[in-house]
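Here it is: the structure, laid out below.
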Amino acid sequence: MKTLIEARKVKAYYVLEIFGKQRTVKAVDEVDLDVQEGSIHGIAGESGCGKTTFLKVLFAAVEPPLRMVDGKVYYVNDAKAVDLYSVDESERKKFRWSFASYVPQGSMSVLNPVLKIKDTFRDFISSHLRGRSKNEAYEMAKEHLKELGLPFKILDAYPHQLSGGMRQRVTIALATVLKPKVIIADEATTALDVVTQRGVIQLLKEIQSRQGSSLVLVTHDMGVHANITNLLSVMYAGKVIEEGRTEELFEDPKHPYTQYLIKSLPRFGDRSKRESPPGSPPSLFNLPSGCAFHPRCPFKMQKCEKEQPATFRVSESHKVACWLAEG
Amino acid sequence: MKTLRDLLRDGRFKFAFAVCLILLILSVMSFFSPYDPYRWNVVPRDLSPQWPHLFGTTSTGQDIFWLLTFAVRNSLTMSLIASMVSRVIAIIIGLTAGHKGGKVDKTLMFISDSFLIIPLLLIIIMFAVMVRGRMNLAGLGLLLGMFGWAWDARVIRSQVLSLRERDFIYTAVLSGSSTLSIVFKEYMPFLIPLVFATLIGNMSWAIGMEIVLAILGVLNLETPLIGTMLYWAINYQSILLGYWWWILTPVMTSVFLFIALYLMSVSISEYLDPRMRIQRVGRA
Amino acid sequence: MTQAGAFTRPGIFSKEVEVLRFFRTYFLPRILIYFLVIVVGVTIVFVIPRLLPMDPIQQMIGQITSTGAYLDPKAMNYMIETLKELYGLKGSLWEQYWSFWKRLFRGDFGPSYFQFPVPVISLIRQSLPWTLGLLLTTTLVSWILGNVLGALGGYFPQKSWAKILDVISMVIRPMPYYVLALSLLLLFAYFIPVFPLGGGFLIGGRIRFDLRSILILLKHAFLPAMSLILLGVFLWFQAMKLVVQSVKNEDFVSYAKLGGLSQSKIVRRYVMRNAMLPQITGLALSLGQIFSGALITEIVFSYPGLGTLLYNAIFTGDYNLLMGIMSMSIFVITTSILVIDLLYPIFDPRVRYR
Amino acid sequence: MRKVLLVVSLLFACLVMAQLAADVPRNETFIANQLTGRVGTPGNFNLWAGWRWQDRGIQNLLLEPLWCVEYATGEIINALAAEPPIYNSDFTELTIKLRKGVYWSDGVLFTADDVVYTIELLKRVPGMSYNAQLQEVAEVKKLDDYTVVVKLTGSNSRFHTYLLDRWGALRILPKHVFEKVEDPMTFEFNPPVGTGPYVLKGYDPGGYWTLWELRKDWERTPTGMLYGKPAPKYVLIQTFGTAEQQVLAMARHELDAADLTMEGLRAVLQRVNTARAWRRDFPWSVNIDPCVTGLHFNNAVEPYNNPEVRWALTLAIDIVEYAGNAFDGAVTLSPIHLPLTSAYYDWYFTRIEEWLKSLELDLGDGQKFKPYDPTAGERLAEYAKKRGYKVPTDPGEIKKIFGPGWYKYAPDVAEKLLIKNGFKRDPKTGKWLLPNGKPWTITILTTTNPAHPSYRNGFAASQAWKKFGIDVTVMTSDALATLGQRGEFEITTDWPAAEPWGGHPDLFRVFDPYNSEYLVPIGENAPWGNYGRWTNPEMDAVIAKLKDTDWNDTEGIVTVGLEGLKLLIKEMPGIPTFNYPGVVAWDEYYWTNYPGAENMYCQPYHHWPNFKYMLPFLKPTGKK
């Protein structure tokens, strides 16, 4: 299995200067992640745990006040690894949409309101494939939409004339029109009702399997992870606390936080009250000492309060950062 | 006061606040002026800036510095009256139009449109000519106030329209509270900052208008205003005769006043709109 | 104007229903309001001059006698009666109002009192081309230039030239226009005598449709035009900069950046096209204002136009001329707003269905 | 490539080209400023339809009047007429003898037919100028080609003054042009045909300039016959928007004669070395303008109907401080209701001075007071010297420049007069109270243009009376004419009395408005010159006597005139202060020998009809 994207010790902080006081938010703190070719890699965690920021780092969309403090992100394109942050913007631009593309969270305002859908497609296509004439780009977009089973008449409509679900599908189509190797989807289903959510997930799965591209899916909805992803990383307070094959994590979650997450999922026929971790996620301005989860962890030990847990390998494809696993 | 302290951190607001402070001090000093601004030939004429006449004297025999203190005081009071009047009208019309919607909204907006449509400068000249003799500061303020509200009523209305969609307004309406309480309890906190920013904008519009009217010689030219100072300087050929200090004082005052008002309204509206603030903050 | 309010999402309808619906809900109310505004505007313009203390006949007599032309008192009353008759000031306000509307439909504003019996229409026809020529070009040039600069200034606030432009705009804009125009005149007509001191055309020359006349016309119009453009550009610059700064943070712009679109494409098709929307309404309004002529420009550069004509009309109480110019100005403003309102859906698709 | 070269050369040619078109050489052109501003109807020269400003060259170059006033030398010029008017004994018939050999600019002979046709046409068509005045004409016919007889319905010894040009008159129109026109009101009369020495060459469609060219047959016009060949081949009358522009134009020698404010004049004298004013040194301004400025009481309003109150207000004025406030002392004082031009000085002032010195006011408790102060002129000269201006020392010169005398500054006498009439001072504030106990406030109605002498009079008076203890406000209004005629004012700064002819001792024009026949209550239209609604039986008698004295009997006119003047001074319906200070600036770069104070062969204003009589005297300097 070739890895397409390697993220090594990524540190990305928000540097906010709120009325004179300099404050840094450690949104992503030393995270390693490998995106395997052909895999569907899920990233789970409560909102505010830094998963969306990590995606931005992966996609090199770092805008002030977010700043890349340390760490490397390599794009491996036909065996040539390129460190994203050492090359200049024009180089990075080549990777965008052809190597990796990004599906945003709210699709409400992502499409240019004054352009027809086909013009937006044409912009995205022509800015990467030089020399494509106008209707060649339209043909390509029509072709792509037909593949995805979407009515290509929507090309002549304006964004505001489409329903929420339809607009999300168009955004996904837009992100995958150039057949990228990696699709990064950030909460792609959150803004939709359950039924449309199902349709969008189905769409993503189809694209992934037909184009053989790998998918990085960020969502707080564990049901989606269980349904679609084969690899799963759980993030908490800017760190990856557990990572491994999805089935393994669901069957034998090692980290207490992951257990809570899985228990929070309703199951058929199960009438008992859902449990959720006590308290609420820590504010990233002043993280608790040692393991960030310790204030809410029922199994916390002295060690947990003082030292940050190291990462232990539970099995060949299952890692966890928790002192419990040390024993 | 906390907001003021925060605002003062913004460089632009600091400059604007300093200029406004100076102008306020000037207006207060006008009460201690040794010369009566309505009397001519009280000081030797056409002196370049020197002690005791810091800003020099005019060809009509008046001390420019003390005249400026009166001019600034009158201009500021006049523009305050004008913008207060127009704020009140703008709020009333904007709020009722935005909140009520339907027929009321259409008619009110139609009225404000017709105000935008009639050639404003000429109507004001006509009114000024009509009232000229008995035009005092309040009269001029009222006149400018009457015509200055149309654009801002529209801004307030669109703000109210977007507010009305918010849930807390629905809950207030559904809970049966009277329109008045809704207006003051729910809308006002959101509108006050907007009203304040447009107030400053309207003040600079009023002063600009006053200067145009004075230069056309349509105002009562005896009352010292920034505009009338300019009128006398131009009428007495201060530019060609080389009395640069006479023409420069009103021009510089009006330029600084406008810049201060502009910067203040920009920084305040930015302070109110969090998204703009973050975008600026990040640029460390 | 655009209404922000809720807008329906009909999906994709057939063409015919769409047009009919468009006509009924969007076009008809606009036309109704258009005529209503004109009627109200013209009525206001009819009433206001009459509130002026200046009675046209007495001002005329004051004019005649103050220049020393002898007017024997007996003859004066006779003249007042005849003038009242000729000026149509006989009868109550109501009758004058109806006769005014009757004449208006025939496009005749009646004679100008001060330049009696020359009809107002020919007075306007003589001054209008100059005002139209000067102001149409300056408004459009400053609109386009101001918006382009504003967009670039707003999009790249860090660039040095953007900062310089910002400072200049802050200094030029509040400058009283009279002083700005006068210094331009002093600079380019006196110290560096390149441009003429005033007037619309070369003295002694005839306007012929040849290159030479056009060049002379341009030369004479250059200074007034530059003073107007200087003012206009920075007005639009600041307005556009504000709009662009807020549009720049919209999601579709950052998404386009993520998509790797080229900078120029983003600025042109994404930022500017959206930022232009409020500016277009602004253009409609300022196009309307053209009609009252640039009064101070005409005075300082003694350039022919409607401004001075209107200004003198106020002081001589010339009702017909006042009403003529003002109702024409109202007509142009409302039409330009209506046109822009109807064209608006082309610029902003969201507005199409109401 | 060639086309580009053409454009570039043209562009360059335009930039460098002087202000005038190529075929109008600058050194043969006289450029004057148009006083009345931009012309609303540039293409329309029909001055007889309605009323039109005529100083764009119509009255001063194109058309000659029958007679024309010349107030500098105090004479009446016979232009189209050969000799003064001839009336029959009871002034019901006027005979006019015309000048022979005058031709219209299109080569047609000027004859009596033109005069007869003009009078008949103007009388017939309402709305034409002078239509109202000509209703008096019963019948007009010509005796021969050069004699016209006008029969009047009543007797009017001054009927011919409608044809006497004093900045406006009934002008004779070309019969052979107007008879072909079916509606004289809408006829544009373009290109115009005239009897004057110049004919139209071109005009600006924007209304900012009019260019005139000397007629080849100039010797067949009255100007040519009387004064010879006008020097400039072209005369350009151009409107400059602001005073600054006139100064700049003169600095670039693109303007030969300008009308300026006092401050504009100082700027020109400082900036242009070849420029000069009417008087070479202080006070520069023209003091022979045929009208006197001052204040005008409203006789129909309490307490201004009482002559003693009016005299009290006069004595409360310190005329030196008053003139200082108004024009910094640069004026010619006049104690009588006439402008002290050299002509009126000789005709009237020399004969009234003794009476003025002996004039006494009765203060009630048996005391008498002589208000006249013959030293006022010298006191004003002292003030001017103190202000640092170069002032002549010879008493005769001072009298001519600063005026012979005025009234004493006697606030104590004024106080006695007021107390005599029931006025009191408020013990606390020292301010004056009316007889009914209410505080005395005066509103002075004046024009809006602060540079205008009437504004300066209003302002100076308010300063003087504020010092005397009365609350005075100055109300400026553009509707001065309307408010004045309707009498809606207490005191206005309109002229204290109507303007006299200037070139003739006849004061009928000054006294006639006071005729009790025309007295109207407040709200109706009072005649110009008597907005204050003052009448007096003795004045009616003077008017009647004047009506019976023939225009040519100057001795008779002067004796009756003196009687009227003395009455005006005793009653003081208006306070005369100083002559109208006209400001004219000339550039001696292309033309010299202007009619300045030291060389008064003609009056100085280029917007007056006499401008055409001035042009033959000008001498080109030969500069290219």
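Order as written gives the chain letters A, B, C and D; numbering starts at 1 within each chain.
Rule of thumb we're sticking to: a residue touches a chain if its C-beta (ideal position, glycine included) is under 8 Å from a C-beta of that chain, and two chains touch if they have at least 3 such contacts.
The structure displayed is predicted, hence computed values, not measured ones.
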- Judged by C-alpha centres, the chain sitting nearest the middle of the protein is C
- Please find the two chains that have the most C-beta pairs touching each other. C-D
- Message: On a C-alpha centroid basis, what's the spacing between subunit A and subunit C, in Å?
- Response: 54
- Note on the structure: Averaging C-alpha coordinates per chain, one finds the centres of subunit B and subunit D separated by a number of Å equal to 45
- Chain centre separation in whole Å, for subunit B relative to subunit A (CA means): 51
- Task: Starting from the mean Cα coordinates of subunit B and subunit C, work out the distance between those two points in Å.
- Result: 24
- Message: Where in subunit A do residues touch two or more of the other chains?
- Response: 63
- Hunt down the residues of subunit D that sit against at least two other chains at once, touch-wise. 244, 248, 477-478
- Query: Considering subunit C alone, which of its residues make contact with at least two other chains?
  - Reply: 52-54, 182, 186, 314-315
- Task: Within their complex, state which residues of subunit A touch subunit C.
- Result: 59, 61, 63, 93-94, 96-97, 101-102, 104, 106, 108-115, 119, 123-124, 127-128, 153, 157-158, 160-163, 174
- Task: Enumerate the contact residues on subunit C facing subunit B in the complex.
- Result: 1, 4-6, 33, 36-37, 40-41, 44-45, 48-49, 51-54, 158, 170-171, 173-179, 182, 186, 242, 245-246, 249, 285, 288-289, 291-292, 295-296, 310-311, 314-315, 326, 329-330, 333-334, 337
- Item | In the complex, subunit D residues that touch subunit B | 243-244, 247-248, 261, 263-264, 266-267, 270-271, 324-325, 445, 448-451, 459, 463, 474-478
- Query: Which of the residues in subunit C end up touching subunit D in this complex?
  - Reply: 52-55, 58-80, 82-83, 85-86, 112, 114-118, 122-123, 126-127, 130, 182, 185-186, 189-190, 193-194, 196-207, 211-212, 215-216, 219, 298-305, 308-309, 312, 314-315, 317
- Query: Which bits of subunit D are touching subunit C when the two form their complex?
  - Reply: 6-7, 10-11, 14-15, 17, 19-21, 23-24, 37-38, 40-44, 49-52, 126-127, 131-133, 135, 161-162, 164, 166-169, 185-186, 201-202, 204-209, 211, 234, 236, 238-242, 244-245, 248-249, 251-252, 254, 290-291, 477-486, 499, 509, 512-513, 515, 517-518, 525, 527-529
